[in-house]
Every structure is written in structure tokens, then in C-alpha cells.
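To start, I am sharing the structure in question, which I have written as C-alpha cells.
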Amino acid sequence: MEGTIVLNGRDLTIEEIAKVARDRVKIEISPDAMKRVEDSRRLVFDLVESNVPIYGFTTGVGWNKDKVVFKDFFQEYNINLILSHCVAAEPEASEEETRAVMLVRLNALLVGATGIQPDIVIMYKDLLNHGIHPVLPERGSVGEADISNCSHIGLAMIGEGEVYYQGEKVGARVALEKEGLEPIVPGPKDGLAIVSSNALAAGEGALILQEVKELLEIADAIYALSLEGLNGNLSPLDPKTHEVRPFPGQAHSAKKVLEYLEGSYLHSPNWKRSVQDPLSFRGSVHIHGSVRDALSYVEEYLKIHINSSDDNPCVILDERRMISCSNFEVTSWVIGFEMLGLALSHMSKTACHRTIKLSSPEFTKLPRFLSPADNVICFGTIQKTFTSLDAEIRHLSNPATADFFSVAGDIEDHASNAPFVVQKTRRIVDNLRYILGIEWMHAAQAVDLRTDINLGKVTKELYNTIRTEIPFYHKDRNLTIDIKKAYIMIKSGLALQTIREAEM
Amino acid sequence: MEGTIVLNGRDLTIEEIAKVARDRVKIEISPDAMKRVEDSRRLVFDLVESNVPIYGFTTGVGWNKDKVVFKDFFQEYNINLILSHCVAAEPEASEEETRAVMLVRLNALLVGATGIQPDIVIMYKDLLNHGIHPVLPERGSVGEADISNCSHIGLAMIGEGEVYYQGEKVGARVALEKEGLEPIVPGPKDGLAIVSSNALAAGEGALILQEVKELLEIADAIYALSLEGLNGNLSPLDPKTHEVRPFPGQAHSAKKVLEYLEGSYLHSPNWKRSVQDPLSFRGSVHIHGSVRDALSYVEEYLKIHINSSDDNPCVILDERRMISCSNFEVTSWVIGFEMLGLALSHMSKTACHRTIKLSSPEFTKLPRFLSPADNVICFGTIQKTFTSLDAEIRHLSNPATADFFSVAGDIEDHASNAPFVVQKTRRIVDNLRYILGIEWMHAAQAVDLRTDINLGKVTKELYNTIRTEIPFYHKDRNLTIDIKKAYIMIKSGLALQTIREAEM
Amino acid sequence: MEGTIVLNGRDLTIEEIAKVARDRVKIEISPDAMKRVEDSRRLVFDLVESNVPIYGFTTGVGWNKDKVVFKDFFQEYNINLILSHCVAAEPEASEEETRAVMLVRLNALLVGATGIQPDIVIMYKDLLNHGIHPVLPERGSVGEADISNCSHIGLAMIGEGEVYYQGEKVGARVALEKEGLEPIVPGPKDGLAIVSSNALAAGEGALILQEVKELLEIADAIYALSLEGLNGNLSPLDPKTHEVRPFPGQAHSAKKVLEYLEGSYLHSPNWKRSVQDPLSFRGSVHIHGSVRDALSYVEEYLKIHINSSDDNPCVILDERRMISCSNFEVTSWVIGFEMLGLALSHMSKTACHRTIKLSSPEFTKLPRFLSPADNVICFGTIQKTFTSLDAEIRHLSNPATADFFSVAGDIEDHASNAPFVVQKTRRIVDNLRYILGIEWMHAAQAVDLRTDINLGKVTKELYNTIRTEIPFYHKDRNLTIDIKKAYIMIKSGLALQTIREAEM
Amino acid sequence: MEGTIVLNGRDLTIEEIAKVARDRVKIEISPDAMKRVEDSRRLVFDLVESNVPIYGFTTGVGWNKDKVVFKDFFQEYNINLILSHCVAAEPEASEEETRAVMLVRLNALLVGATGIQPDIVIMYKDLLNHGIHPVLPERGSVGEADISNCSHIGLAMIGEGEVYYQGEKVGARVALEKEGLEPIVPGPKDGLAIVSSNALAAGEGALILQEVKELLEIADAIYALSLEGLNGNLSPLDPKTHEVRPFPGQAHSAKKVLEYLEGSYLHSPNWKRSVQDPLSFRGSVHIHGSVRDALSYVEEYLKIHINSSDDNPCVILDERRMISCSNFEVTSWVIGFEMLGLALSHMSKTACHRTIKLSSPEFTKLPRFLSPADNVICFGTIQKTFTSLDAEIRHLSNPATADFFSVAGDIEDHASNAPFVVQKTRRIVDNLRYILGIEWMHAAQAVDLRTDINLGKVTKELYNTIRTEIPFYHKDRNLTIDIKKAYIMIKSGLALQTIREAEM
């Protein structure tokens, strides 16, 4: 959380993005990266002098690529470009997300393939380090690239539009002045350099990957507690079974769950339990493992993205050329997010079915709906709640990436819908917090209804944590409140903190 | 807007629901309806006395239907039932929506098939007329019925939970007291009567139908203005073509568009225009007509719903019986909402393609992107904005109604997801406001670029209205602001008001 | 089956289409309809003489509408038009379907809004009455209109391509000669008149509606038998409950099911049975009713289509004009098919859950998986079969109607995908035959395991019919064979015939 | 193609599966693998003797796991298990696919974690090497595992059911006798070992991966020819641009396309061409690269699957234990197939848009619809054909993996729908053959309309190949025939062979 992260355009990680975005860790730019930026800026000017027409530099962009931009109008043209590319729609990205977006764009600029003015590079750093966060409406992009949105960062940089600063929404110019920063003066290609980037989707996407990682730890731990609630069989966690079936994700989850259950009564062989639990229990680590497998694909490709250039045209420093290209095509990882959504949909269904089983005497030998007494309804209705949230997840997991049509004079006849795909994944994650929260409520209630059992090293603490906010259900009460509390304990990081501290 | 609406359980309309919900028109209950309520309450007590076991009355509900509820515990049991059925998740319904929900439930009670305590019926009326609106989280129901949510209305009635009152969120008891109302004391079956209703989906659904109706008028009028922007051909509006193809919706839209264009230069034959415009223009009234056709299906079935009973068991007054049934099954109109969403998706695509055409010199003979001058970018990027919003609509139009699984001891093995289906239709409608707003911006700009043309009776006013907020685009500016303004003019009712006043 | 159907362009029904398509009932053309055809042909020639340019007549079609077609080249141009519009892909429509397609096109021509050569109208009749069925590949159309496919009917008419005739695929010319028919000589507008029609989707669609109607009778009857297998409660069928909830479809199904169960032991009150069965049983007629409700929408709009003109331009006889229009837009009923698919998906899920319940001792008090003895596995695995077929239905019920992009120089920027939507509905229906067949197997087995029970008037015969092919399951056997047999008994019409004969 | 493939359960590749399945390459089993099989069989018997209850061995399966199977009934029970698990539905897998299925199952058995009778292992080998292919209906499995289908292989092994043999469908017993093979006599666990496997999905899936690989080569080459048809810009293929954006797939495709274009006129700088082509051209290798990236994920996980055990319970030889587990959970690669389908949907759209561009004078400077003369319609209608096939692909790319519900007494409450997901991917691939075939037709026509151009090393041969079957379009003709020819040239392997031979 402390310290400073040095950016070089080459090795930024998802975790570091989360730190800068959430914890406002300060950043620096490595000197060699800054040199690349300066070199490529110089190259661009050299090329302009030699009268090579350069897309978005001495020409218009998109369908207007046939129009010439004359030197005298570089500043005006680039300001106009920023203004006219402000075509986004609400809602706004959170401040955390805006930070991630700026960070991702900044890191890509350090590759040295953009040809942007070095002062603007420094402005990204300054906005981040000074906590000035442009208002960033997050809809309006088809993902080729996020020009409708990233333009709003440029807007703040030239002192227009609004920003979040010190917890308030103020005019960009006000915030810059308060921090002693000068607005930028965009020169040639700077407009395009600012707007033409997939940073919205990549930045928001990076934060979501971090959230999925954290959710996986929580899901594994709650599953472990549910196993104790069920008096379930541990055999599917046996490391040997994962050796004969070496999918990496399932082995990882199995290992974690066994750790969480260290010391649990489930290791004791003399309990009456089923030879084989329902698939939702028996296959939990396999399904959670599939989320891990999908995640590893997305992370691999998103990390390549974040540490390379999505600019068009791109500057090739060593060959002193600029090349028109399509490097803003991000389909490889956008489809990965779609896959990840499907994996999360499987995880959601598994959590739902585990929770249903915890309410079923046939499987638990505990009272129906985990009711503590005959005249208490307890969890008799709540199955509709998580089922309906799961139906939303099923709906969100429908793909959107290939739904587009030709725009801009039929020149832009491909799209990825990257931001929307990322944003719907974010909603899947959020629904899962509710669903896992409700499972947690059930698992704790089931554990309470058993007596004389030892919980595992981690599951014990997880149980204790939920009981700090949500007491044993002994008589009927408003469960909407409990549902929200459980959700918040997951959303706020409390559940994760409990697990990690107990693990040590 | 003025006057009072008298409810009788038989003829409540979508328009009346909108009036009560939005304009807070007062309601009364017709005496014969109140008599039915009282008679059926009396019948229920008679049946209880005769020791016939009645579901949800002398028995538990759902899987607990095998449990007996004894008379001494009627009040406690019914309060517990309300509490334990509070299992919803945020976001909250708007106050307007909560009003629609209460109104719909109230009207169904007047059918006399519920057996509810008459005082509770009056409480619904009082909450509405006194402007006390229970906080109503709108997720958590699978649509069989909306028990997770409607319970929150019961919560307020017994003086628990929170309500919106005079613009603030306060404790229910506080608001009741301020208005001199006594909390209800639930007796037998009252808990079930309050919670077991599809009123959430039906109430929210009714408001959405009203919004779709209004949106259709706006869409027809903006299309008319776009026709003027394009210098389009009126022949597909010819009434004779709709006589040889008598789909009701398309004829209706064609008639309206011709009205809106009364006096327009488009009627003048001596203009150079295309024999056949692109399908997005030529088929607009056909597509808008399909929305009308779909709407007429949904409205027909939703009106049946709203004016009949979804209670189980239902009281048959004339035969003095109670019958266990499945009248909370609402699939017939839920699939109608799914169809309506698809129709709206078609309408969205048509609006998008019309807007693209307005930017295309090939079709308009106007400058590319409707730019007023050579160095102005104008609408060069905005096509991504509406395309991405359309992609969201395409995604929202995926069905969700049949995604469920067995809950409650496998007894509840069917669901309709009515609330979610309705709520996603609401989001489609909202996105369309942006898309039509952007078309409106284009149509006005195109009209401005033509000189010496007469606009139609209605389109002229529609043009004037947008120009009160959004000036001619003569130099590049932040369009995110214009997009939001156009959206608000549609959302606020201003566009509709303009059209209706001009029509007279 | 007997008799001749007289066409007049005004009142053709779904049932009649089925008769002509399936049973090869002969057709005639009413004299007044033929007169309209002749009059409109004459009008078209008059208009050409007056030098009004007419789309597709004296001009090219689509993007080529700017090209002129001179009179001397009318024949060549129209033959070229037919040839170049043969751009379809396999599979082929069945002969039944091809008949329905030709019939639907013929009937629309009789409206008199086409301007086609009367000899070609007669050729449609002749092909039908002589049993000459052009090979008709059924893919390649986006539904605006089915020009890629209908062209193949024109191909046969000019003596090109292949046809099915007397059970064999032969050259079109050969078949025409054998039946003493002359190939047509296309004149002006004839090419367009032949190809520009939605007859593929409308014809196939009409047959599917007929299949859905028949399937509903079967589904109601099998549900009735399942009720007897379950020893289920009849209360949700009570006509009074449908009076308080007057959705038309559910009342219809409830009435039928009660008829099918006339005389059944279920009417006897002294059996031990549940107060409320699971929703899949309790709500069956409501869900089947939703299919009926959706069907009534589609049928209403498809019938309008079939008895009106989808021609562009259309001839207005009484005003002696031709008008360019968009009457080939069929979104209104295409979205109806999408809705119908969703309704069928609900029906499928309900059948699956009923079948699961029939295997569950908890609900039937019969042996697990309806096994006749302890060492017999019986229906222990078959739940995967119908579940997987239901998953296919869920997938097929995803919409496709709004997935298109601009073609033909951006002029054709709307589409309905009518044929594909119809064809995927056909596959849903076919999968349902398997699923209902498997339910039938279960219901019969359950009935056999009960002794001393009286079946209903119709269910008894339904039981007897399945037992003619599929015996009681007393020891383990290859069920793939039984599944196919049950499917065939439904597909062949045997089940329906049984039901209808028993009903009388 | 010649030679023999030695199986050891560890390193079977997709290419080898294709060779055995398609080219009927013979197989052998490595001695150490056979030893593992024998050792694990012995271990299983030892465990039975020690009276440890073993799932599916001394107990029933699924919900019947609570039933005991006594030793005397091992044979009868296991035959019954095979019979009663025959619960599949048509269509049948092709013989190639059946071979892949058997091969995949055989290889997994060699891991030594099954405990199957060694004679049955040899029977798999014999069926493959003798060309006896059980009739294998391919529907009826939810993917946990493919027990409904794999049972049919067991059926043939015990001499029941039917097989394809020497090109005919004959009784299994007949074929076995002709080849001198004895039916197997199933002992303990053999029934479960035969049926409980995901081999249907994995085997069919492996063949599809091979088809996708081949399709990618074809797509890259046809794109290259289209570039020549367009006179397109090569800059997005520049290796330097892929160095600054190192997604592996796009670099691979770019390299191939440059190879295919060796010697092409496109390398000549003095041609008038656009600075930036439409995204469908500029981003082709990026999109094809995304298919490659998705493919690499699926292949990685499917290969793990194919070379490991999906058995439950699994035998752990080194620890002399059997462990109940969930290793038949295949979600990790099933979601990969869903992602691959999305990637293919993107590739399809790109091919469609490229083809549209080839018909557009604005982009090619060639005649509209590539028409050779003014009165020839040429490719004026065919855009509907590929658009509609693309709409099918869009529909097929909707996910199906998470659509399931609890079966088997709620014990099987998870599923992957692996076979259906794989089978719908197969249909996507098949549709793409049509779409790429039509692009090929356009590219060749465009190239013909240019004169004096040199084609690339590979594109030249690709051009020559299509011209052997489909001549230059000089006057209107039935294009349905051409479409099918182009499809067949791709499907048959001719296109691929042309490319590969030209590459050398």
C-alpha cells in the first residue's frame, strides 16, 4: 500500500493497477521510458517536416482522413478533436476506475509508439498523483477505441469540463490551479493520442480482474464453510484426484479449500456422511477452478495489452517510421471477458444449488430451511432471491461483443464493444456478492444448528465475522437487512481480510 | 390530471395507473367493490370455522404447507410471514413505481377473490392518497409471485421499515402517525394476501407500457423531422399501401407521421428526391408499427391481469368456496414484454440507421457528418455513441423469462422472472431516449443546412423545441452535453408535450 | 381432406394451408380474384406506356434502381433477374413446405396488387395441382423478402433447375413436359413478382403454427395422463379459477384437460393426494395457455399477411396507381414467432419438471425412477436426455430477428430474418416431440405401477396407444429405441389421432 | 498419414486424433500403458475383496448409489447398466466422429485410473483398427459425463445394437463375427467405465479444433486474395506493428498472409491505394488472430483432458486407493468452445464486411457488385445470403453451457452441456465455409476485373483453383450452384491443399 510504483510501459500488473486506483499509491515514470517518449515525439516532428502525410496528424481522422490539417491549425484542430470526441453517455466511472483508466493510458504511452507531447505524459502522472479525476461518462464506445470517453480526460487536461477533486465535483481549471498545474496545450497528434485508446475498457477491466481474484478466495472459503454446514465429503478435494486431472484452476482451489478447513471436524472419519455429495458440492473446486482458468486467459492477454501500444498510427522508433495499423483491435481479451462471465455464471449456479441443499433436510439432516424451531419460517423464501439474481447473471452472460454495425462511412465496420462487455462483467461480480453472501448466511446457520463440531482454521474466522453483524436466526425477522449486510461485508473487503488474516 | 379515480377491480387502465402513479391523482373505492371485499372476508372466516384446511391460512406456505397454523397465533404468524418474506435486494423502485405497485395490488383485491381484511384494503388507499411510499427494493422475485418485494409494503403497514414521505426517507411509523393512520393488525391470510401478488411486475410494467406509448409518438415525430432532413420520399406513408397490407400498427404510425408533416415541403412534388429511400426510412412506420402491434398484445393481457385476481387460494364468492390454483402464473404477458423488447430493438436499429444516413452525403446531398464548414468535425464520432447504446439494447432484448430452477423443496419448479423482464424493458426504453435524442439532433442540423424549406405542422415545433436548448452546430463543442440535453427533453416529457400541443 | 379449396386472396386459413401442403388437396382460383390479377396486369402496362418509371419494371432493383430497363429486354432482363437471385443455401425445404410456400405466394397474388402476368398465376396453381415441387433451398434470405429462395420457384417455371416430381428429383423441364405444361415466358415485372415475396417464411411459418396447434392438444393430453400418474390434484383446472383470471389460453387448456380426464379416478375425492402439487403440475394449463395466447397473436398477424400483398411497388387498382412501399416488412409476426419460441421453452421446462416429479417417490409414492423392481435401473438416466433437449430449446429460443447489417449499398439497412426465425421454431417443436414422448413414457409407466385406477376417457386411449409400441418397463432395455418410438408416434400424427378419436 | 500411432494416455494430440478419425491410421497401445491398465484392474479387485464399498462397482450409480450390487450379479448388473444408459437421441455422429470418440476414451483408459477390464481396452483398439463403428446418436447428454451416448459403444461391444461396417449399417454381432472378434463380458465397474466419460464431447471437439485450424489457413489466404481484389494496403501486416502489440495470434496470421502474398502487386508502392482500408480489411489478421488466441486456450485444456482421466471414482495406483471425485467436470474447456464460437462470429462478420466492400465501387474503383457489364446483375443479391448465414452464426454463438437444472433426485445439480456446445461450434464452422466461399468468389471476380496485376505466390494458386470450378461471371446465372461449389471446395480440403502446396 505504501511506496511508489515506477512505470516503464513494460511490466505493469493487475495488482499494481488496483493499488494505484484504490489506494492512491503514487507513481513515477522511469527515465528510460520518458526518453522513449521524447524520442518518438521528435521523430514525429521530423517526419512531418519531410512532408509524409500522417494519419491524425496532418490529416483528419476516420472518414475525414482525406482532409488535410495545416500546421498553423494544429492547436485549434487538436482542441476541436478533443471537444468533438466528447460524445459519451452516463453513468460516470467511479474515481477508482477513472484512475485505472488514466494509469493504463499512461503506461501505454511509455512504450514510445505514440508520438505524444511529453508534457501530456507528465500531466497523466500529475492528475493521478494530485488526485484530480476527470468526470468520465462510461458509455458511448464500441471499443475501437474508447475515443468517446477518453476525450473527457483530454477535456480536463485543457482545463475544460469537470473533475472530481477532494471529494467534490469542480471545474477542471479550478482543480488544476489549486494544485499548481498548467493546462496542456495540445499540438499535432496530441488529440488523437489522448482519445484513441482502449484505456476505458482496459482500465475498468483490470479492476474487475482484481475483483474476480478476490471473489474467488471468498467463494472458496464460503464453500468450505458450507461443506461444514452440510457435513460434506472431502474426497473431491484430495490432491491425488487433481493429479490425475491436472486442470490448474481446480487444483488451486482444492488446495485453498483444504487449507481453509485445516482442523475441521470434516477430517474426522467417523462421522456419518454421504459417499458422494451433490455435484454442486462435489464439483465446487472444479467450477471455481474453471473461473480461475478463464481468468488466467484474460489476465494473460490484458497484461499484454496494458504493456504495449494500441496506437494507430504507431511510431517505430528503431526504424524511424510511422505505420498505419489496427492495434486498437482488442477482440482477443474481450472474448475472454465473455468467457469469464460464463464461468462466473457457472459459479453462481453452483453457489445457488449449494445453498438450496443447505436448506434441505434430505441432504443435511438438519431442519427444513434451517429453521431453529417449528413455528419459524427462516430461509423459506430466500431461495427466490438468489435464484432471481442468478437469472440476471445468466442474462448478463449473454455475449455482446459481436453486435455492431458499420459506421463512419462504412470504414469502421468492426467493433468489439469492449467497455460494455467489461461493464456487464462488473455487474455479474456484484450480483455474485449477494449470492455468496446468502450462501454464507446459510452456512453459518447450518453450522450453528450442529453442536460439538470444530470448524477449520479459516472457516472458523469466517463464521465469526458474519456473526459480528448477523446473529443466529432464532425468530423471524426482516432478511432484506441481513442480505444487504452480508453483501457489504463482502464488498467492503471485510470477508477477504478475515480469510487472509486467518490463513497466515 | 384532476379528479379522482374510482377503483372497482374491473376496468383500471394503463393511463389511469400512470395518472395515479405520476400525478398523484387521488383514488376511491367503489362501494360494491368494498362489499365484495367484506363478503369474501366473511366467507373465509366461515370456512375456517368449518375446519376446512386452507392454504396460507390455517397452513404454512410453500414447502411448509404441511404445517398447521393455530388460531391463537394468527397475528404472530402473519407478522412473521411478512418479516420472513422481506428477502429483496436493491435498487429501490421509484416512488412513482411504488405507487403503481400498490394501486395494482389494491385493484386486484377489489375483485373479491382474496379474503383479505377490509382494513388493509383501506390502508392501500390511504398510503396512496396520503403519499406514504414504502421503500421497495425491486430485485429478489422470480415472478411467482413477487413475495420478496410486496412484503415490504406489508412491513410499512405494520409500522416497520421505512417509507418515502414528503420527499424524505423516514420510519414507517413516523409517517403513519403524522398522517393520523394506525398500523394494521394482520389476521389470518393477511400476510399471504399482502405478499402473494405479482403487483411489482404488473405495476412497474404498466408504467413502462405508458412510456412505450409516449415514446412511439416521439419516435414517429422525430422520424418525420428526419424525413425532412433527408428530403425523403413520402410514398411509403400512402394510406392506400396500408390498406393492401392491413397491419394495424403501421397504418397508425403512417397516419400520425402524415399529420406531423402537414404543410411540409415534402408534399411538394417538384423536389429532386429518391424514388426509394433506404429501408430505415422507407420502413420506419412499419417497424414503429410492429412496436405498436407488440404493445397491443402486452396491454391486452396486462389489463386482464390488473383487473382480475392472482391470488392462491382464490375465494369463489358465489359458490362459497376457496380453490387452490396457479393464478399467479403470468407467462402470457411476460413473454409479451420479451417480444416488446425485440420490437424496440428493431426500432432502435432503424433510428440508428436513419441517423447514419443523415450524416451521409450520398443520401442527403448535404455535407459529410452534417458539418457546417470544412474544418468542423461535427457528428464524425457520435455514430459510435448510438451504436454502443443499441448494442446494449440488443443485449437487453435477450430473453430471461425461462431461466430458473426448482426451489422450495422442488415444489416451485416454474418461474417467469416477471420483474426482471419488465425492468430490462425499462432500460431499453431509457436507452432509446438517448438514441432518438441523437437522431433529433441530426434531423435538426440537417434541416438547418437546407434553406427555404417549410417544415410540417408538428415537425416545425419539434425543431423549435430542440433549438431552445441545443443550438445549431457551427463549431466543435462538447457533445456529451448536447446528448444529455436531448435525452432530458425526451425524458422530461417536453418533446411529447411539444408534439401534442402542435397536433391540436 | 376431400374437396377443393377455392382461393381468393382474402380468407385463406392456416388449416387450409396445411391441407393443401400435406394432403395435396386441389386448389382453384376464384373468378373475381383472377379478374383482379388481369386488371392489375393491364394497369401496369398502361402505366409503362405513359412513361412513368416503375421500380423493378422499367428500372433495376435494389441498388440498381438507378438503371433503366428497356422494353426490348424485358424477357431477358427478367430471366436474368430470376437467375441472379438464385443465391440460396441448403438444406432444402420439404415438399410439403414448398407447397405451402407456393400456395401462400399464389394467394397473395390474387389480391391484385402485384401486376404479374396472369399465366404465371396459373402456373403456381398448376405446379400445386400437378404435384411439381421446385427444389427450394431454404437458407439465404434475411426476410426482406425471401428473394434468394423464391427465385428457385421461378427457375422451375422457366424450365430450369430441378423439381421433386412423383417422388424423384428431376429436371424442371422434364416434369413440366410430362404434365403437359409449358414453361412461362416472363415479361416486365414478372421476375420481381416471383422473387420478391416473404412466401418462404410465411409458408413454412403457417405449417409450423399448425404443428404447434396439434402439439398443444398432445401436450394437454399427456399432461392429463401424467396427472393420473402422479395422483395429482384437479383443483387448478376448476373453471371457476379461470373465471377470476380470464386469460383465454389457460381456460381453453383447462377445459380440454378436464374433458380428457372424464371418468378418471382423479375425480374421486377419497384418494390421498396433495393439497397443492408442484407448479409444473399446478400451472400446466396456465403455461400451455401461454403458448395458446402467443399462438393467437402470431396467427392473427400471419393471416393478415397471407391474405394481403407484400409487393413493392404495389398496384392500387381503384386509383390506377403504383406506389413504392415497404410492405415486405414482416417484423410484426416475426417477433411473434420469437415470442412463441419462448412460450414453447416454458412448456418444455414444465414437461421436463413434470417428468422429473413422476420419477420421484416423494411426489408419487411410487418407486424411484418408476422402477418395477429393486434391481432394475429403469428411468435413472433418461432425465439427462430431456434436460439436454430442453437446453437446445432454450438456445433456440434466443432471438435472431434483429441481427443484421446494412447491405446493397447501405440501402437495405433493415432485416427481419424471418425464415431463420421460423425455421428455428420448427426445431423447437421437433425437440418438444421428444420431450413430450418421454413424459408419455413416464406417465404410462406410473399408471401401470398403480393398480385399480380408472383412467379418463381420452387418457385411457392415449395410454393404450403407447402400449401398442412400447411395453411396460419390467427389465432394463435400450431406451434409445423407446425414445424414438414415442417421438414417431407423436410426429406421425398417431397420438393426435388417438386423442381426437377418443374425444368424440 | 501412414504409420501407426502408439497410445500411452499421455501425449495424444489433436492432429493425431484427426489422423486416426479421418484417415483411419492404425493404433497400438504402449506396453507400459497396458501394464497400468492391468495393475489398476487388479487393485480394484483387491479393494472389493476388502469390502470397501465402491461407487458404481459394489453400489448403484447416481441416486441409486445407496443400493448394493452383489458379486453374483456383476455381469447382469453391468449389462443392465449399459442398456439402461442407452437414452440418446438422433442425429448420429459421423463415422469419423465415432472413431474420435472411441480413440479419446481409449487414451484416457490408459492413464490407469479407471480400473476397467483390460479386454475392453483392447476392444476399443480392435473396433478402431477393424473399422467397426457403433451407431452413436449424438444428443441426450448434459456433459456430466456423456453416459447417454457412450453407452452405445458398450452396446456394440456386448454384441447388441448396430454398427457401421464396410459402409453399411449392420448388427454389431455380425460385424464382430466377420472380423473374428468376441463380444466382451462386462464385469464389475465395466459398465460405468464404458459409459461414464466425456469422450463424445471431447472426441467431437478435437475434430472441430482441427477444422478450425484448417479454416484459419483458408481464411487467411482468402483474405489475402481479397486484399488483391481491393488493391488494399499492406501496412497493418507489417511485422513491426505486431512487435509493439504482441498478441500471438495476430502476428501469426500476419506472417502467413505476407507469405501468401509473396510477389503480389500489392508490394509495389506506386499504386494508388488508400492510406487506411476499412477495419474489416485493416483488422483482418487481428480478428483471425483472436480466433487463434481462443483456439490456443481450448486446445491447451482439451489436450489436458484427453491425456488424463475423467473417471469417478478414480483409481490411484501408487497409493492403492479409489477416490470419489468430480473429474468429469469439463467446464474449463466447454467455456473455451463458447469463446471460440464468439471469435468465429467476429471472423464471420469481418469476412462479410470484406465481401461487401469488394462489391462497392467506392472502395474498389471497380463496377458495382463486380458486374462485368452494365446489364448484368452479378453479385447484387448475394449479400443477403452471407448476411443470413452470419445471423445464424450470431445465434449459434449464444452460450448454452450454463442452461441446466437439477436431475437425478437433485444430486446432479450441475452440468456443462459439453456435447451441444461442441456441436453448435461445428455448425458455426460449417456456415463459415459458405461465407468464406462467397468471399472467395468475390475476390476472384475482383481480381479478374483488374488487369495487369501479379498475384501472390499462394493467392495465385487459390485463384486458379476456384476458376477450375467456377468461371468468371460474365452473364447472369444460377449462383446457388456456385455457392455450393465454393463451399465444397473448402469442405473437401481442396482449398487447403492448394494453399499448402503453394506455400512450399
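By written order: A, B, C and D. Residues from 1 in each chain.
Just so it is clear, contacts are C-beta pairs under 8 Å (C-beta built on N, C-alpha and C of every residue); 3 or more make two chains touch, one makes a residue touch a chain.
From a predicted model like this one, the values you see are computed outputs, not experimental measurements.
Chain centres computed from CA atoms place B at the largest separation from subunit D.
Averaged Cα coordinates give subunit A a centre that lies 46 Å from the centre of subunit C.
Rounded to a whole number, the gap between the C-alpha centres of subunit B and subunit C is 32 angstrom.
Residue positions of subunit B with contacts to 2 or more other chains are 144, 349, 353, 356, 360, 394, 398, 403-406, 410, 412.
Chain contact topology: the protein chains form a complete graph, every chain touching every other one. Put simply, subunit D touches subunit B in their complex at residues 398, 403, 405-406, 410.
Within the complex formed with subunit D, the residues of subunit A that make contact are 53, 55, 59, 65, 111, 113, 144, 233, 235-236, 238, 240-241, 244-247, 249-250, 275-276, 278-280, 282-283, 286-287, 289-290, 293-294, 297, 301, 304, 308-310, 314, 316, 319, 321, 323-327, 329, 331-332, 335-336, 338-339, 342-343, 345-346, 349-350, 353, 356-357, 360, 362-363, 394, 397-399, 401-404, 406, 410-414, 416. Against subunit B, the residues of subunit A that register as touching in their complex are 60-64, 67, 73, 77, 79-81, 83-90, 137, 139-142, 144, 147-148, 152, 155, 160-161, 349, 352-353, 356, 360, 368-369, 374-378, 380-385, 387-389, 391-392, 394-395, 398, 400, 403-405, 407-409, 412, 415, 417, 419-420, 424, 434, 475-481, 483-484, 487.
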